[in-house]
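Two complexes come next, and they have one chain in common, chain A, joined by chain B in the first and chain C in the second.
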Partner chain A sequence: MTNRSSRPWYLAPYYIWIVLFVIAPIALVVYFSFLDLAGDFTLENYANFFSSTYFRMTLSSFWYAFLITLISVLIAYPTAYWLTKTKHKQLWLLLIIIPSWINLLLKAYAFIGIFGLYGPANQLIQFFGAGPLQILFTDFSFIFVAVYIFIPFMVLPIFNSLDKINPALIDASRDLGASQWTTFRRVIFPLAINGVKSGVQAVFIPALSLFVITRLIAGNKVITLGTAIEQQFLVTQNWGMGSTIAVFLILFMIIIMLLTGPKEKGGALNGKAK
Partner chain B sequence: MKGIIRASAAIVIISAVLFYAVHLLESSSATSGSGSISVYNWGEYIDPELIDQFEEETGIQVIYETFDSNESMMTKVEQGGTSYDVAMPSEYAIEKMKENDLLLPIDHSKLPNLDNIDPYFLDLPFDPGNEYSIPYFWGTVGIAYNPTLLEGQTFENWDDLWNPTLEQEVILVDSAREVIGMGLNSLGYSLNSTDLGELREATDKLKTLGPNVKAIIGDEIVEMMRREEAAVAVTWSGQAADMMWINEDIDYAVPEEGSNLWFDNMIIPSTAGNVDGAHQFINFMLDAEVAAQNADYVGYSSPNAAALELMDPEVTGDERFYPTEQMRDRLEVYENLGLEMLGVYNELFLEFKMDMEK
Partner chain C sequence: MAKLSKLAKIYLALVFFILYAPIFYLIFYSFNSGGTMTGFEDFTWEHYAAVFNDTRLLIIVLNTVIVALLSALISTAIGVLGAIGIIFLRNRKMRNAVLSLNTVLIVSPDVIIGASFLILFTMVGVKLGFASVLVSHIAFSIPIVVIMVLPKLQEMSSSLIDAATDLGASPRDILTRVIIPYIKPGIFAGFFLALTYSLDDFAVTFFVTGNGFATLSVEIYSMARAGITLTINALSALIFVVTLGLVLGYYFFNQRSAANAGTGGTRP
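Presenting the complex of A and B:
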């Protein structure tokens, strides 16, 4: 009961929000996943999910999400590291963030033009002597555009955690004779790992359910769980099956959150010595 | 704390000013005439000038919204929320909406222009006596192709799409019934087949088309074909007409084995708020001159006989877009196969997409 009295009244809007817009929708999704087309209780949707089509779709969604996340980390980590060393940090950061304010559809349509047979990308290739290549509607274009879209969400958390590292720690490491590589491996990397983890969460989870760019950039040759959910709801009108896929997506997300969640090892790790 | 209060106050004041501005704008544009109607139509499916003309003539304000599939349109009407007064679904969707009581009967006495419609398009099986629907446009599904990008291939048969020289050249429309239907037609089956064996055979055959498929997309097809990014597209006749409008090299053919013949119709959803305005709008669209102008703009085939007389005979005599009644016999109209069967079609379509070479 002491617990209750310690919760101030002004948290009420927060609880109402959570119940209405987080708990209730998830409960509804779970409820619908047990209904068939006629609205009767069934477990068939779950059986159906483990059929070959959806199982392969899940695997391929994971594979693409993995590639997108991996490439984003490989690009974002050095970028974030370099950002912490620059003079005008906030300006550079802003330049990286601004593209994420532009509507996703607009960016996708721009890439249709850029990657087209007569677009700038192919003109560049032709300049170097190769014939026009089919870039649009390939794995390459899909992953390229997805990485482009997600990079700001990876750079930001990594930058924040790198920026928080006390320079004295790095100096100390050098003074004690560690090489640059060892300093990175033993000091910088462990201190910034939580930034990478939140970056992975911010990229991997949405990448699992991308559906706009799978159509516009990959020409529906890449099918993710998001595409399947959209189709079940809007075309097939099988809300039960759509909800079942959504339930699995939520489960995958929870698993990923648990895997990448920050592990508390005492305050010292993140602590900025003051 | 002071800063937060000040910032919040600023946001509240700005919102209030914007809200008032919107209110002013809306009331100034809707002062004259008898209210407004909301029209729910496919994208790129009306000449916008005609909306202005209708507003001027009747004083009724038109709120115009678009959808991209019959299914999403039905979902939105069913959920209520917005009360649409006129919508333009296809025939099988009308059957389904009728079953679900989502339609209001249409009062023919309020539509004097109904006489303009070719009787061939009236009293069709999906809506006997046109109790709930009035023809808007009709058309076919076929193959649009650009001979300048090809080496003399023609498309009399669906099987011509399987030609190995067309590697990575064919765009398909992102719609389960069109693509599975094409597979069924190419094997000589009905595109309303509910036989699981036939459907399986059609899907397996479609999978062998994989290497030729460049993409499966929606309205972007038109732009792709115009810019000569692709040589061949399976699409609706009106989209083909749109492509030809810009790129005159493009041609369109309906394969001999048969294909889909479809009708889009004006209906009044049961949620309509201005039934009288809806009738006025439908009657306006049936006017010969209006229908002719609209058909010119949209590029689909008009069922309006009086309008056809006003149009360029070169257009209305073009058998690719106005096939003769004899040619229409090869074509099939989609039947409402029910949600269960629609699910099967979509599952197979998904399987086909999953199987494609990237």
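Presenting the complex of A and C:
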């Protein structure tokens, strides 16, 4: 053991990174959450956070994140399920993933055009006889674009866990007389639940902290926790309050991760949902 | 295997349509001579010409590429050494602690990383700009490199190192001639992901960039907030082609190396 205990030099940069960019930033955020604008110690930020304005904002942020996650699961699950049954499934999966590599801002920008007053979405509505609607800067457009962006991140883990299921189990269930629906409900769904959990984890937390789409697509109508942090840091310059919201976002993140369990192995690849 | 039902095919087609329509919509209108994303007038290359004539934009593209390449290189170097260090940690508790710390930046939302790095740089006194952006990109890419390299290291049999030691290799030789060649696919995957993380990042950069320095994402954001300009469309078409090339190149590279890795491997 003695010769192993000498610490090799090459570990230094990595440990310096952990101290400087993992531990220090979190410590600083916690520290700043106790500071007021003048830099003095205060608990006011925390009191503020539980005031009605921020409390309502937190609730609405959770509500939007919940809706976005739910709709993503509802759309992604059948997609993943049927993808596992296609012939070149890995290729099709790659095609689902490719849009997630396109910069988020470009996708948001595309929807500014699509949902615009004279854009294709409104042309379709007019084709069915209704007048042009204000789609951009509404809750609907926000949720739609968010779901659009998160779908690949939901399909991927669900696909992976569905794909791992031993087909013999499904055959067995069918042979024993279970209907297709029962087989799905009692065999496939429970076996693939981990994929859904990783998907929820990959979507819910980013959905709480989105701020690009809220700014570009939802105007300033939808305020998520992420938007609030950005606002406090870069517009109002109230770092104390921004840090307090960040502390709570970190706490929510930890709770959600505990609830959805350990991340499935191999789910990290392409986990670009941030 | 059961064939897909008609409903399934229609559903999948619809999902693919919705996923790709906005991207092709952007690209389609990049050729529109009318200045908007509604009503296609005439085919034109003028928006592409605008991209290539805009020196400021080209400098921003150059900045973005430099930051991406440098941050991917540096984070790969640090991450690979870190992963090797983690593997050699004998103390289980210590190893788990390091692994947990490693995942913090992967699971943290961008706003938190951006905001906390902004505080950090301001406290330390780093001027916001190229340096702060580069350092942030290195910082958030390191853990993903570690994650990509670790499985390769874990599957490497320790007898390889023992054999090298018995044959008289120095620790340096073991690192450069045994470990690194073995984990090369993981290193490439890590480098590639670090590259795309950096190219893709908006939120963190947005927080830690000062007034004088912008990456492409930040620039697109300010352009998009100002309204629709088809220059962005032309730019996004170019970015799409580059991204597609990178992803497909990486995919086929991986397929090929997976096929070649058959020698002595336990791959199914």
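By definition in this document, the second predicted complex is superposed on the first by the 241 of 274 C-alpha atoms of A that agree within 3 Å, B and C clash if a C-alpha of one lies under 4 Å from a C-alpha of the other, contacts with A are read in each partner's own complex, and residues count from 1 in each chain.
Keep this in mind: contacts are C-beta pairs under 8 Å (C-beta built on N, C-alpha and C of every residue); 3 or more make two chains touch, one makes a residue touch a chain.
Here the structure is a predicted model, which means the values were calculated and not measured.
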item	value
Contacts of A:R56 with chain B and chain C, given as first, second, both or neither	first
Contacts of A:R215 with chain B and chain C, given as first, second, both or neither	both
Chain B versus chain C as contact partner of A:I223, first or second or both or neither	first
Which superposed partner A:Y118 touches (first chain B, second chain C, both, neither)	both
First, second, both or neither for A:L234, with chain B first and chain C second	both
Partner chain(s) touched by A:F159 [first = chain B, second = chain C, both, neither]	neither
Which superposed partner A:L37 touches (first chain B, second chain C, both, neither)	first
Larger contact residue set on chain A - chain B or chain C	C
Touched partner set for A:Q134, first chain B, second chain C, both or neither	first
Residues of chain A that lie at the interface with chain B and also at the interface with chain C	112, 116, 118, 215-216, 233-234
Partner chain A, residues of chain B touching it in the complex	69, 71-72, 74-75, 168, 171, 174, 176, 213-218, 220, 223, 227-229, 339-340, 342-343, 346-347, 350-351, 353-354, 356-358
Parts of chain A lying in touch with chain C, wherever the complex brings them together	1, 4, 8, 10-11, 13-15, 17-18, 20-26, 28-29, 32, 75, 78-79, 82-83, 85-86, 92, 94-96, 98-99, 101-114, 116, 118-120, 123, 148, 151-152, 205-206, 208-209, 211-212, 215-216, 225-226, 229-230, 233-234, 239, 242-243, 246, 249-250, 253, 257, 268-269, 271-272, 274
Residue ranges of chain A in contact with chain B within the complex	37, 53, 56-57, 60, 112, 116-118, 134, 136-139, 215-216, 218-223, 228, 231-238, 241
Complex contacts: residues of chain C adjacent to chain A	1-2, 4, 8, 11-12, 15-16, 18-20, 22-23, 25-26, 29, 36-39, 77-79, 81-82, 84-85, 88, 90, 98, 101-102, 104-120, 123, 139, 142, 144, 146-148, 171, 175, 189, 193, 196-197, 199-200, 202-203, 206-207, 216-217, 220-221, 224-225, 228, 232, 236, 239-240, 243-244, 246-247, 251
